[in-house]
Every structure is written in C-alpha cells, then in structure tokens.
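Quick heads-up: structures coming right below.
Here come two complexes built around subunit A, the first alongside subunit B, the second alongside subunit C.
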Partner chain A sequence: MRDSRMGNRRAFLRTAGVAALGAVGAVSLAACGDESDSAATNEDDNLGFAGTVLGYPLARPSAAFVDTSGAPFNVATETAGKLTLMLFGYTSCPDVCPVHLNVLAGTLEDLHGREARTKVIFVGVDTKRDTPEAMRTYLDQRSPDFIGLTAAPDVIDEALKQLMLPSVIIGEPRADGSYVVEHPSQILAFTPDDLCHIVYPFGVRENEWRTDLPRLLDYDWPDTTR
Partner chain B sequence: MRFWCSNDGSNWTWAWKPYIGAWVIAAVVALWLWRAGGWRADVPVRRKVALAIGLVLLLGGTDWPLSALGAGYLVSAQMVRQVLIVMIACPLMLYGSPPALGEWLDATPMRRRIVRIITTPLVSLPIAVALLFAVSAPVLVDPLIKTQLGSFALDIAWISAGFLIWLPVQPPTPMVPRLRGPIAIIYLIGVSVAPLPVAFFMTWAPTPIYAVYELAPRVFPTFDAQSDQELAAAIFQVAGGLVIWVQIAVRFVRMAGGGGAAGGPRFRGTMVPSNVSA
Partner chain C sequence: MRVSDSPRRPQPATARACIRIGSLALASIGIAGCVSGRPDVAVRDAVIPVPMTADSASVYLTIENSGGADDVLKGVSASSGQLAHLHETAIESDGRASMRAVGTVRIKAGETVRMEPGGLHVMLMNPGELADGDQLQLYLAFEKSGVKHVKATVTDDYDEVLGG
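So, the complex of A and B:
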C-alpha cells in the first residue's frame, strides 16, 4: 500500500516535471511564434548535456527566502554570477530528495577548480517540518556547504510559478500524522549568466554531473532571451 | 507476493515480503536431497549439518530481506549475498550432498567426461571467474536487476559459479576431489586472487558504478552510494577472502598432519569413486 502510494507520488513528480517542461515549451512557442525556437525537449537538442535544455531560459528567482540561520536570502543577488543548482524538496522525503542531494554531495566532494564552488540550494517546501534547524541538520548530513532555504507557502509557490514549475501539494494527514508532499523533482541549473538554460530530471548520475558542471560554467549559450 | 527479488524502485520497508521462487527452490532441493538420502541415519552428522546450513544460507541469500536489499538498494547487501551463496552455501551443499548425487554423476561415461572437464582447474576457474565478472558488470547488472527474471538469472549465475569453483576440491561423495593437497591449496589461492579486479574497481572507482544502487531510495539516509560501494568491495575482499583462507588453512593443517594427499586416495588427476582406493 505504502509502496503503491510512493510509486504514485514518484509518477506524479515525473509527470509534473514533464508537464513543467511542456509548459516552458508552450510559453516559448507562444512568445516566439517560431517552431525552431521551441523548448528543446528531445535528446538531440540537449547539446550533449545530461539534462533537458530549455528553449526559453529562466531568471533566478527573487522570492524572499530565509536561510537556515533565519536570515533573508535573495537567490538572485546572493548567487549572482555563480553556477547554482536549485531543487525543491522536503526533509522527510523518502526517495527523490535524499538521492538528489547524495548524488550532488558525492559529485562536489572530489571536484577541484571552479566547478567545486558550485552552489547547491535546497528549498524546503514542507514548511511545517522544514524548519531552519531541521534543514541545517538534514543538509549537514550531506554537505555543510549546501544552502537551505525556506519561506511561507505562498512565497514558495510564487517562486515555483516564476520557474514554470507546478505548485507544491501537501496531502491530508494520515492517522499516524504523516502526510505526503508532492513537489517538482527537477534540479534547475543557473549558469554564470544568471539564467537557467537547463533542468536535470531525477536519475542523473555523479559521472554525468562531473562531465556537465565544467561545461555549464563555460558554455556559450545562444541568446534566446527575448 | 513476487517470484524473485528485483529492483522495483519502491521505497525500502522492513515489512516481510517473501519471494515464492526462493522458497520453492529451497523446498524442491530439500525434498530431492531427503529422497536421495541426504539425511539418512548412516550419513555422518557433520555432512547433514553442512547440508542443512548450506540450504538455509541459500534460502537466506535468495529471500527477503537480504535479497530485497541486495537487488534494490545496497550493493553491499548484494555482495553479502554473493559471499554467502558462492563462498559458503555452495561448498557446504557439495560437502553434505548425498552419495546418490556423486553416484549419479559417476554413472555414465558421458557424465564422467563432463565432470572431468568442468573440474579441470583451467576450465572451472576461468569460467567461474568470467561468470562472476559478467554478473558484476554494470552494463549487465543495471538492466537485469530491474526485472525478476533478470535478477533470477544473476543469482543462477552466482550459484553456477559457486559450484564450478568448489567442485574440483569438494565434489559430492563418494567421489574424491580432483585436486588435493598442495595442488588444491594453490587452486584455492587462485580462487582468492582471480576475482580481485572487481573489488579493486569497486574500491577505486571515483563514482558509484551501478546506476541502480546510486539512484535507489536510501535505506539509511546518510549511507550514500559511494560508501555502500566501498563497503561492498571490503566485504568481497575480507569476508570472501576469509572463507577461502580458512579453507586453505584447514587443508594446510590437515596436510601437515598427514591427513591430506598422503592420507586419502592417491591423486589421480581425475575424479574417481572413493571405493576404488578404499
């Protein structure tokens, strides 16, 4: 029963991810009116990256997040010019979030040079349980360098909307008090030009990140901001 | 209820989930061994105990929780299974197998020829090691372990490799080993060394080599895939090596005490029924 629920949830996350990318593609189509400029969602258009290249880049969110020390954190200004990987999740997540974070921690652990300074931002969407303290403890288990952010639900939803991602859905509490949290599962990669040109679905491995991170730092993205 | 363990992507739970295939195979083998006289009164107790432990370990290695953990979550659990099945269960079952099996293998020239070929060290060891290499290769493990049939095939390969490795030094009674004394010891040293490249690769690979384990839901939240892989390599080298080196030590002590090649039937280079030299 539990497995079935988890499977359904993962399926939802995958579907939500695809839907979000579809939405980005739709926006791109509508904005450009030219099929060649549409969101690139097939493998040939991903430029050799392990993620999915967007036809229409997204700006860093400017929502009023709070970091794990309780201080305000503006992603757009605090990480400007830096390669930044951003994901939305929750500290009680049993599958996608810990795997994503473990893979990123393992990737960055042995890297040197500029790619080793990649910022990883984890936004806790389960605002009841993802307190700054809980987030810090959770992230420190992977890497003390990971940045933990949270905010009021409406602020998080606004940021998700800005990033063309579906809203968070908090399930009804069960008898034991637990509840399911449905959230986007992609990792958004903001490159030094302060735009997100590419999102990474669940399933990207350490060796793929190691190949992609140096490329993300130096890749000369075509100007598609219109 | 499922036939065999596989990586189904679900989150780990400690709720008991038996695998029908593991129980059916264990039951069929136990029934056959019983009918073949594996537990007859005249069979030495140590052989009956070895057979029972071998069967229990085979079931333990193919049923929940170890098989579920190994197939879907932790490569270290998979390595524990490999050591249990290949290095412990197989030789114990060969040691405790009833005389009927040895007599059946020795009953016709064709069977004798097959046994002679597969117990030739230069045949058995390369085939067994090739099997173990193959079922450790990510290109095979990652797709196969996602299906029950594929996972079953991997386990059958392990069991086959286990019997191939041990047959030259531990054939079913009443057959005598093809390799005895110092030659058996040299062979076992070869067995302990030959699969080490797999462990070496697992230890020193900079990233997790298996996608299924790298991307599996975590059983222990902070136990990451890289640490799991390094533990698996350690289990392979330490636990697997320990089993073989205990065997080597026991054989060496027996040989030194006159109970090895000199004490038993004369080494003939082929398997012969023990009553020939009795």
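So, the complex of A and C:
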C-alpha cells in the first residue's frame, strides 16, 4: 500500500476492502506463469472501474438460497447472463447495508436501457430475523425489484467461502436481546459472461456506478479461466 | 516597571493568539491562559439518510474543535426524546464490517471529527417515519463545551451522505 493513499480514507477503504481477494488473484496469476507482476489491489490496474479487478474471476454461486416468496433460488441459473450485483447484509443493519442499497436504488432509477435492468441481490445473513417476509418488507422500502435471499447459516457460509468473502459472525445476545452481526461489506459484480471479475468496496458513489454499469455490460474481459 | 503599554482587555482565548502574546512576553497572564486553553467546538452538516426501517436511523455529522484544548463528546439526544447511541462501524482489511457501541468520542484541539458511513455515527432508536426534508433537533453533550444543538436534515441524496 502506498503511503500517499493512506491519507485518503476512501481510497484506503476501497483498497483494503478487497485486499484478501486481490491477494488470492495475485497468487493465481503467479501460478499461471503470467508475466504481469501487478497486484490486483493496485488501483491503476482496475481498468478505470471504481472497484477492484480480481486476478482470477469467481463463478456465480449455485448455493441453495430461498427468495422472499419462500421459493428456491439458484443464483447461477436464475440470473444467468444478466449483470448482477450481489451483497450480504442484514435487515437491522444501520450503516453499511442501507447505504449500499440506497446508492444502488438511486443509481438504477437514473439509468435507462439494459443497465437499468441490473439485478441486485441482497442476502440476509441474520437468519433469525432475516425471514423471507422481513426481507421483502425491508427491500420494498427501496425497490420491489431487489432480490432478497436467505438460507441456512451453513449454506451462507459455504457460499461466502466459494466467493472468497469473509465469513459471517453472529455475536452472543446481550441482556437486551440485541446481538452483533459481522458481515462482508463488498459488492460482487457478475457480468454477462457469468463471472465476477470485479469487487466493489464500501463507499462507491452513485455517479461511479452510473459510469461502471454500462461498461460492465460490454467489457471484453481477458480469458483468465484457461 | 509597569507594563503600561499592555492594554487591559480580556486575553483572547484561541491558542494562536496566546502564542503571539506569549512570544512577545507582554503578560504572564497570557502565557498561563495558553497552558489551560479552552476547546471551541462547533457541530455542523448533520444529515440522516432516509431510514429503511422505523426501528433505527443513522445520523452523520461533523464536529470541529478550533480551540486550544481537547473536548469529549459524552452523549447525544434528540428533540423528540428518542434514545441515541454513539456507534462505530469498522471495516477490516478483508472487508468484514462490524459495529460496536462507543462510550465517548474525543475531539482533540484543532481537529475535526467527521462521522460518516462506514465509521462513526449516531444511531437513533425508534425514530418513527422520517421523510426526505424532515428535520430533527439533536443535542450533543460535551465534557467542557456543554450542550451543543444541531439541526439534522433527512435526505435521500446518498452522494451527500457519503460526502462530496
């Protein structure tokens, strides 16, 4: 990490938020004998996107999620070919989740055409409180088009592992019954090639999404899957 | 010899003025004033993003201490009587977000503390329905500066919430 960036809180969060994924990507590149010695955390290597480009793309999860109507929802098949933004949070989340969801809702309201049909998937990780009904009520505050998914804790854990995201931690209940929920703050972007090449940290603005979504639809990603 | 050329007026409270007077060695009172110093706290830019539930709302604001001594924010309350807690979100290097209650927040002399998404915020409990443009009076209790008022505006402009 460069010192000059440390002073910029946003840039720091942006870089740090995906450091783990970036490191994995860099290792993969090295293993493939790629000439590039660049770390995926270097902002200059992010192709002008506001997120962090992964050295090695991730597949859409096929975990056994359930949608807000209670029906099974396989992300890999249900959203195949569609630009999809996926994040993990909880309905009582006061800071990170509402900011993400409002920024995305505001962005999509201002867009037209294909990019306006970007799918947004919010996975509720607080399985006690994030029931399908609670998820629907919560997401409808911003958009009836947002897809809400839940699953048993072990299914969510497995999906997070596959997506190389940090695990969820649910704290012990306090005297008043409240408890801490720790969750990944990143947003994964799955592009029409059904891969996630880029991860967005917390703090991305509407104008950055408005610039990035049309590019994500058409970007010709180098084939790193061979 | 009397220090007759030193006008008898109250010593300026700001640190900069103190240093000036001290360096001229005009009045020992001025130097003593520097050592004790006083905080000068202002609260501004209070915004509440339209909450997604009626259970809680986050308030983001800026506290500037342009004085010569630290002050400590001890607590916050709202005009409508709701409970308000000081909270801090921490985002770890792997992106995991967690939140904890914060007892107090120190505002150092000459420093500005910005409460913003992904960091410090005031969590209002059970604020009820809040709509874009609504305003709420908040009271911030400081150890030395006493209670400061600020009007928080509810907004659906998230670029404003995230800061220019």
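The rule is simple: the second predicted complex is superposed on the first by the 192 of 226 C-alpha atoms of A that agree within 3 Å, B and C clash if a C-alpha of one lies under 4 Å from a C-alpha of the other, contacts with A are read in each partner's own complex, and residues count from 1 in each chain.
Operating definition for what follows: a contact is a pair of C-beta atoms (placed from the backbone, for glycine too) under 8 Å apart; a residue touches a chain by one contact, two chains touch by 3 or more.
From a predicted model like this one, the values you see are computed outputs, not experimental measurements.
Undergrad: More residues of subunit A are touched by which chain, subunit B or subunit C?
TA: Counted on subunit A, the partner with more touching residues turns out to be C.
Undergrad: Once the shared chain is lined up, is A:D110 touching subunit B (first), subunit C (second), both, or neither of them?
TA: first
Undergrad: Would you sort A:I169 into first (subunit B), second (subunit C), both or neither based on which partner it touches?
TA: second
Undergrad: Answer with first, second, both or neither: which of subunit B and subunit C does A:S185 touch in the superposed model?
TA: second
Undergrad: What is the contact status of A:R136 with respect to subunit B (first) and subunit C (second): first, second, both, or neither?
TA: neither
Undergrad: Now for A:K82: first (subunit B), second (subunit C), both, or neither, which partner does it touch?
TA: A:K82 sits against neither subunit B nor subunit C.
Undergrad: Figure out whether A:G203 sits in contact with subunit B (first) or subunit C (second), or with both, or with neither.
TA: both
Undergrad: Looking at the overlay, what does A:P98 touch: subunit B (first), subunit C (second), both, or neither?
TA: So A:P98 meets both subunit B and subunit C here.
Undergrad: Which subunit A residues lie in the overlap of the subunit B contact set and the subunit C contact set?
TA: Touching subunit B in the first complex and subunit C in the second, residues 94-95, 98-99, 102-103, 106, 141-142, 202-203, 205-207 of subunit A appear in both lists.
Undergrad: Hey, which residues of subunit C end up touching subunit A in the complex?
TA: These residues of subunit C touch subunit A: 49-53, 55-58, 87, 89, 91-100, 117-119, 121, 123, 156, 158-159, 161-162.
Undergrad: Write out the stretch or stretches of subunit A touching subunit B in their complex.
TA: Those residues of subunit A that touch subunit B are 2-3, 6-7, 10, 94-95, 98-99, 102-103, 105-107, 110, 141-142, 202-203, 205-207, 210.
Undergrad: Subunit C touches which residues of subunit A in the complex?
TA: Interface residues on the subunit A side: 9, 13, 16-21, 91-92, 94-99, 101-103, 106, 138, 141-142, 165-167, 169, 180, 182-186, 201-203, 205-207.
Undergrad: Applying the document's contact rule, which stretches of subunit B touch subunit A when the two form their complex?
TA: 8-11, 13, 206-208, 211, 214-218, 221-222, 224-226
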